[in-house]
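Below is a structure I'd like to ask you about.
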Amino acid sequence: MKSWKQTVVTAVLAIAGVAAAMPAAAQQAGTQFIGITSYRVGPYGANGAAFFGGFIDYLSLVNERDGGVNGVKLSWEECETEYNNAKGVECYERLKTKSATGPTAIHPMSTGITYALIDKAPADKIPLITLGYGRTDATDGRVFPWVFPVQSNYWDAATGIIKFIGDKEGGDLKGKKIVLLYHDSAYGKEPHSVLEAEAKKLGFELRMIPVPHPGNEQQSQWLQIRQYQPNWVILWGWGVMNATALQTAQKVGFPREKMVGNWWAGSEIDTEVAGAAANGYYAASLNLAGKGYPVVKDIEDIVYKKGKGNGNPKQIGTVLWNRGVGAAMLTVEAVRKAQEKYGKKVLTGEQIRWGMENLDINAGRLKALGFNTMLPPIKLSCTDHGGSGLVRFQQWTGSEWKAVSDWISGDKQMVRTMIEESAAKYAAEKGIKPGCLGG
Amino acid sequence: MLYRESGQFKTTYAADQQLFPIRQDRYAVLLLLAVAFVGIPLFASSYWLTALLIPFLVFALATLGLNILTGYAGQLSLGTAAFMAVGAVAAYNFQLRIPGMPILVSFILGGLTSALIGIAFGLPSLRIKGFYLAVATLAAQFFIPWLLVKVSWFSNNSASGVITAQPIEILGFAFDTPARKYLLVLTIVAVMALAAKNMVRSSIGRAWMAVRDMDVAAEVIGIRIMHTKLIAFAVSSFYCGVAGALYAFAYLGSVEPDGFNLDLSFRILFMVIIGGVGSILGSFLGAAFITLLPIFLDVLLTEGAAALNLNLPSGMTSMAQLVVFGALIIFFLIVEPHGLARLWQILKEKLRLWPFPH
Amino acid sequence: MSQPGGTDAVADTFPRLLQHHAAVRGDRTAIREKDLGIWLSWTWREVADEVRAAACGLAALGFKRGMTLAVVGDNRPRLYWSMAATQALGGIPVPLYQDAIAQEMLFVLENAEVEFAVVEDQEQVDKLLEIRAKYPRLKHIIYDDARGLRNYPNPELLSFDRLQELGREHDRAHPGFYQGEIDRGQHDDTAVMLYTSGTTGNPKGVCHTHSSLIAAARGDIAFDGFTAQDEVLSYLPMAWVGDHLFSYAQALVAGFCVNCPESSETVPIDLREIGPTYYFAPPRVFENLLTTVMIRMEDAARFKQRLFHYFMAVAKRCGAKIMDGRTAEVSLGDRLQYFIGDLLVYGPLRNVLGMSRIRVAYTGGAAIGPDLFDFYRSIGVNLKQLYGQTETGVYVCKQPNGKVKLDTVGPPLPGVEIRIADNGEVQVKSPGMLKEYYKRPDATAESITPDGWFMTGDAGFFDRDGDLKIIDRAKDVGKLKDGTLFAPQYIENKLKFFPHIKEAVAFGHDREMCTAFINVDLGSVGNWAERRGIAYSGYTDLAQRDAVYDLVQECVEKVNRDLATDAQLGNSQIRRFLVLHKELDADDGELTRTRKVRRGFIAERYAQLVNALFAGDTHCEIEGQIKFEDGRTGTIRADVKIRDAKTFPVVEARKAA
Amino acid sequence: MSASPHPNPPPPAAGEGAHNGARRIGDVLLSVENISLAFGGVKALTDISFDVREHEIRAIIGPNGAGKSSMLNCINGVYTPQQGRIRFDGQTFTSMAPHKAATMGIARTFQNIALFKGMSVLDNLMTGRNLKMRSNLLAQAFYVGPNRREELEQREKVEHIIDFLQIESVRKTPVGRLPYGVQKRVELGRALAAEPRLLLLDEPMAGMNIEEKQDMCRFVLDVNDEFGTTIVLIEHDMGVVMDISDRVVVLDYGKKIGDGTPDDVRNNKAVIDAYLGVSH
Amino acid sequence: MPALLAINNIEVIYDHVILVLKGVSLEVPEGRIVALLGANGAGKTTTLKAISNLLQSERGEVTKGGIEYRGDRIDRLNPSELVKRGVVQVMEGRHCFQHLTIEENLLTGAFTRSASRAEIKQDLERVYTYFPRLKVRRTSQSGYTSGGEQQMTAIGRALMARPNMILLDEPSMGLAPQVVEEIFEIVKDLNAKERVSFLLAEQNTMVALRYADYGYILENGRVVMDGDAEELRSNEDVKEFYLGLSTAGRKSFRDAKHYRRRKRWLA
């Protein structure tokens, strides 16, 4: 048997080949390069595929329809993270080297990866855009100049949900029982403090029940819920956990009309899998679903017609796909904004950061971009890297998500106070002197 | 072939017992160290350092820790990640709560804390063996992260349970660039690997192996079984603890207890198995195989697809990578069930005999 | 006298040389022995102390100037020290072949009137105790390794440690004694007696003086530029002049380090570890090594074999030229290929053979096959031939670097005179010449002419370059009935050059034709058989296989074809041959201890077979007795086949070489 | 290390007042008193008593399953007898831990070789010297000072055992790769490495041919003679037992049926019936 | 007599680099008992394992030569296939299933056969006629039986596969002299009555040569001598090295020398 020799030879050849391929393959010169740490395999692969499908489709649209951003073409590369922190770091490091100006901005699409990159981004001068996830206190741009938890954060979501429930309950939550059914991870624990504060303030009873990863087994949690008989259940899940929660709720007979998910628990992927069990379920959203927006039509007409669509055509107009389109739009707009200051050329991360921090997209601009009401307006500043903090509630009709509320806001005041406290503590721990970077 | 040992003879036991008795090995190791300590920091990109080498070294250290316990002392454990978590969280807390605490001392204390916990979870090994012991160590794997999450004091009441490691500074010198972090990790790993090698060739290492191979005989020649096993747990956990601290401080920067899950424990166990049970070198080879090969494959497949202008559906390369990686693991295990280290040993033996076959 | 090695003028005896080295390079390693897992080392100063203690111990036991001391055993430091100790007291060490059976030893002990013996271990002690029954003059048996001897009641036994203890006491009691004894030594005292085994008759003790051996050693050292930095492995029998000169005399003159292997079985491993810079072995050793190499290569994977053969062909083409520095004759391509070959094949090969560091390797004592010689030179081992006898201190001819020719033994060494007698015999005057044969004035007179020339008994002549060429033992050369010249050793050597043939004995003097006994090489033929799927068990079985006969026949016929080109020897082609059913063995008296065939004895012992050969029988049944070491006998019975070999018409030689 | 080729004083040499095989058999070193051992109702040993004198070679023989190995296991504490006492070197025990037995100088080999298969011969023997090693974990980890010195000292001691048992050529071979007979030797070596006062050998010559048995006998005799070690030996080869032992205990079904010199035992009818059979 | 089993020049290498057997050839004629003699490590067990194809689990492989059984190459057959063809190995150290009873152990031997219950029952009885001791202890857990009984169980288990040929590795190992005789008597009996051929590796040369018809002596992985048992018994080398006999009869173990006489192996 000589196979060990062949093995060694093969291995050596493979390694040599890879090593040769390792040096950063230069991206097309003269393009604005966007690094994408995506995930399409693993437990959350379906979610990632929808989001990044939309994200890339929008980038394609900008190139195909507008010839880039003011003539600067966009280019991008994906790197698979499998929703794994270590892999995320590896992808980040890999993408970082891919172009002379860096990867424009990173959307980690994972709270864990965001945490792992928070320290690295300032050193590498790469903006992290965390749309609806990540570290909430990073909203304080004086402590986290490079992180943009844009639009709304988890605390906004939590207070928004409480507000929504409060409205449903006729404005008074005193004595009511609310359960938080959460994914037992950093992500799931994000709303704890703010919900506890809300409970104290509004006088409702709060019980928090963890579901261990990945969440496909919730029998005991729901038995607990049934015993406890809450008025509402807030579903703070991700991936397979959501559909399981809905199905188990149906099994134990808990009304879905009394369940509200956050925006990661409110996509077609969750409800379609759950089937009829999802009917009537509410979820907060950062964006509306549906195809009735000019931008979606443009993507279908220009990108998909040319066969350059990235996502699964069936996903067009879904919650996560639309979210991806929105996230891409924010990135592109940050580029556009930065170009105003630095000129119409390929820009560095540092310049994009300025663009991001000075982003101001009002309703008019949204309309011009073809988003209409899909997203709320957004305006950022050095102290506020978040934005409106608005959420909108949708309900699953059995075939689609239908908006059932206006853009509403929770307890913005409380959230802001908590953000500043938390950010200050972090700054102290890390020895950061808060301040604005400017341009 | 490369080994030309003629004329290398030993006139003292000291020479015969040195770490690398063959001159060519000594030179190779020196060369390797020179490359690792000088060449790499000078030339490697931050991607190589941060994304490949630092995690490789950290995992190698954890693998070393598990290998000491499983490979040398014969006690199967599935709690590696938990011990890493202890090390990471303990180092974080020592750093956080004791002002002016030198970071290296924090690492050591983190390791020692982990060692203590390791001893506690090693106690069942006195009564149970093998598979059953593995199940007992699973308890550690479930209990420790749960505890760290449950008691938010450990994460300094962080909302999410995530701890964010403090910056590394030794005697006023900040280890803030990838190269510096790499050098720090490399130094720690090199010293600890040397220490591990020394331990396994000293009386404690022989006691471990004796207990592993034939515990009755070990007892009969006067080895205290309990003592020996607990030391193995302690040393192993110490290594894992330091690895955990480095994982948090030098690699990711922030970690959540749930990151130290069973998955990670299994990964490290795979590293031990692929690398070679009961081999220091194997720990490094295994860590390299499991941490680096998927990345190489990924890059190879991505670049390969790009070079060939294949417009593969997104996610396809990732799938392919997983398939190839899995196949390679199986292939290597079939070719050499005793791991890469054994493969290397056979190769070395062949080279020493070259051009003869036996 | 020239002074290579920086010795001073007064160091003209071995004990004084030892003292000289202890003074000049006291902290350098003088001798090593593989024992207890490492190479235990002694510096020159330590050796001098050990020798002193041993010498004084001998004196305490009553050893007197002029007495003899037998040394029996493998190459052990203490045995070498015993020789030096004996010489320090003005005595004469007599090394014996360690594998000799008691009966053989008895003769030498009686002849040399030995009263003291230093031996290695229980095995030798047992032999000497057995001898003592017949030779009570043996008074003291000193042993190195005490294993198994603790309960021997014999009062004449003494451990070497005890001897040295006695010696240290004696030394303390008689402070000036030791130095006095050394000072009394004369350079023309007999330094050592080496018994030549002799293919006929009983052994003779060759007496060498300090000055003859030192002169021979100095000459050798100057010739090849040996220094105190050199390393040798002493593994040849201590009783053989080769080892004595190389591991004792030359080491003491040049001050280089002697390494003693762990045991005779581990010599290849020890050789590889030490990697000597200077190596000496009879052709038989080189041959065995090559056979092993070939067998092991045959087991290698196809790819490796092809690589090996390819590069060996390259080496054959240009290796020797490169070795001799005639690079101008080698094309650039060949040089490049040789370089790669050195990386892939020759270098590793030299390494596994333990020859990586060799600067000079010598062979002598018998003819070496051309393929064999070429092989070593082509892979970069500077193997050279020398010529000499026990009686000449092996100081006659040596091949100088860069001028190595296969068929000659090189020009006379500095200080050596050679003349070719009328009968073609080579006669020598050498600085290394013996003093006399011990108690054999008759033999001395027969060997040394009145005008001081030693008669070597070899027939030879000088070629145009002035290099000596040896043809055969003059005494052995006979004639067939038809008057054709019959040179048995010449024919035997030709046969033995085939790796498959280990030994050959040719018969023909006063007969109508030439015939031969063959011993096949079990390793080489065994491997050959294995590859052909010929099942066999043991030598006897293998030897009588038809396929093996076919194989041998091929070799014999090749020799015949070769002989046919020689007008003088053409008629002595081998007409018939047989493969002996047992290997010739020194224990059975068929070989000398240096593994030379004792033709006469063999002819007598196997008269039945010889007769059958000449009688034209196709097979012959034979029953014979064999003697075991412990004196038991066994019978061995076999039906030996006899074959005819093809002969070739004698071609008129184009030109005699 | 300075070149000190013969660090250990050589054994007493022959010729100069050697004691001609008269080993000085001394007082009782070990006595086994009324030992009974049972496993869940199955009696392995019933009321066994015998003694072993210092420097003696004491053989235990008997059919398979007679309780011979159980007897050794009681002596060095692997089993705890239900009844009876063991006196060793003046101290009395009703039970003994293996570790304690080892520290008191009792070493043993096992019937089915119990070597550390993954380790080299050298390491196996070094393990036998673990009790002699004192340096702490940190010193070991950095191979400094005392540990380094200790390792080298012990290595030298072990090399003498390797030399004694003539296993030089396999010094660095993993024992799992060695043939059975050599493994038996290595196991003896490991026991010797502990420098025991009492050596328990459980069928040291099982599965060996004559030549190997001869070697093993020599080693046993040499150990007994040169180091003065007392030896208790279980063996089936009557030739070996008769030739090398001073006294013999015969067990059958857990009971003692004979005790005395080899000649006594050879002629004991009970022993012949139960074990030796007519052919011996 | 045609050879039932013929081994031709096999070479076995362990771990890719360690040569264990070189050029070993031997034959077992139908209905004979052939003994394989030699010191530990000479390669006896390896030879048996090469035949029964059990080397792989020990990282060994037959790199050269061939093994034929009734004229068919069997080197690449797996062990269970071999059992079906009638070649069964009884391993050294007996290897009984410790937790099974003797009878259960015996029954495992019939696994490879698709025999009816009645047939198996019959075979079991047949085994019990050869080993009456086993019948008495049939319900004991084999872990608690004596070495001799375990050895008998192992042979009996082999018999349950209705073999033509049994490879017997060290049957006398660790057994009391009386039991050794008993086992060999049964072997002889099986050979005579059932025509089972045996290839047995044995250290106990004295006994082996008394019961075997033919013997091979292995040293250092090579056959150095072979011959009829009678012939071997009278060979001087065999006498000294394998039987421990000197001219004056049995040599005392007390007188063993520290050196060895050179082995000549002159047939």
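Here the chain labels run A, B, C, D and E in written order, and each chain numbers its own residues starting at 1.
The criterion applied here is as follows: a residue touches a chain if its C-beta (ideal position, glycine included) is under 8 Å from a C-beta of that chain, and two chains touch if they have at least 3 such contacts.
Only a predicted model underlies this, so the values are computations on that prediction, with no experimental measurement involved.
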Notebook entry, point to check: Touching chain D and chain E alike: which chains?
Noted result: B, C
Notebook entry, point to check: Which chains, if any, touch chain A and chain E both?
Noted result: B
Notebook entry, point to check: What chain lies farthest away from chain A once each centre is taken as the mean of the Cα atoms?
Noted result: C
Check: What chain lies closest to the overall centre, CA atoms only?
Finding: B
Check: Per the centroid of Cα atoms for each chain, what is the distance between chain B and chain E, given in Å?
Finding: 47
Item checked: Rounded Å distance, chain A centre to chain D centre (Cα mean) -> 73
Next item on the list: List the centre-to-centre spacing of chain A and chain B in whole Å, with centres computed as mean CA coordinates.
Entry: 34
Next item on the list: List the centre-to-centre spacing of chain B and chain C in whole Å, with centres computed as mean CA coordinates.
Entry: 57
Notebook entry, point to check: For chain E, which residues are shared contacts with two or more other chains?
Noted result: 15-16, 18-19, 258
Notebook entry, point to check: Which positions in chain A touch two or more other chains at once?
Noted result: 4
Checklist line | Two or more partner chains touched - positions in chain C | finding: 37-38, 40-41, 147-148, 299, 301
Check: For chain C, which residues count as touching chain E in their complex?
Finding: 121-123, 126, 147-148, 299, 526-527, 529-530, 533-541, 582, 585, 587, 626, 628-630, 632-634, 636
Check: Can you list the residues on chain C that touch chain B in the complex?
Finding: 29, 32, 37-41, 272-275, 293, 296-297, 299-301, 304, 307-308, 344-345, 347-357
Note to self: For the complex, give me every residue of chain B touching chain C.
What the structure shows: 1, 3-13, 15-16, 353-358
Check: Any idea which chain D residues touch chain E in the complex?
Finding: 42, 62-65, 111-112, 177-182, 203, 206-215, 217-218, 221, 236-240, 243-244, 275-277, 279-280
Check: Quick one: in the complex, what on chain E touches chain B?
Finding: 13, 15-19
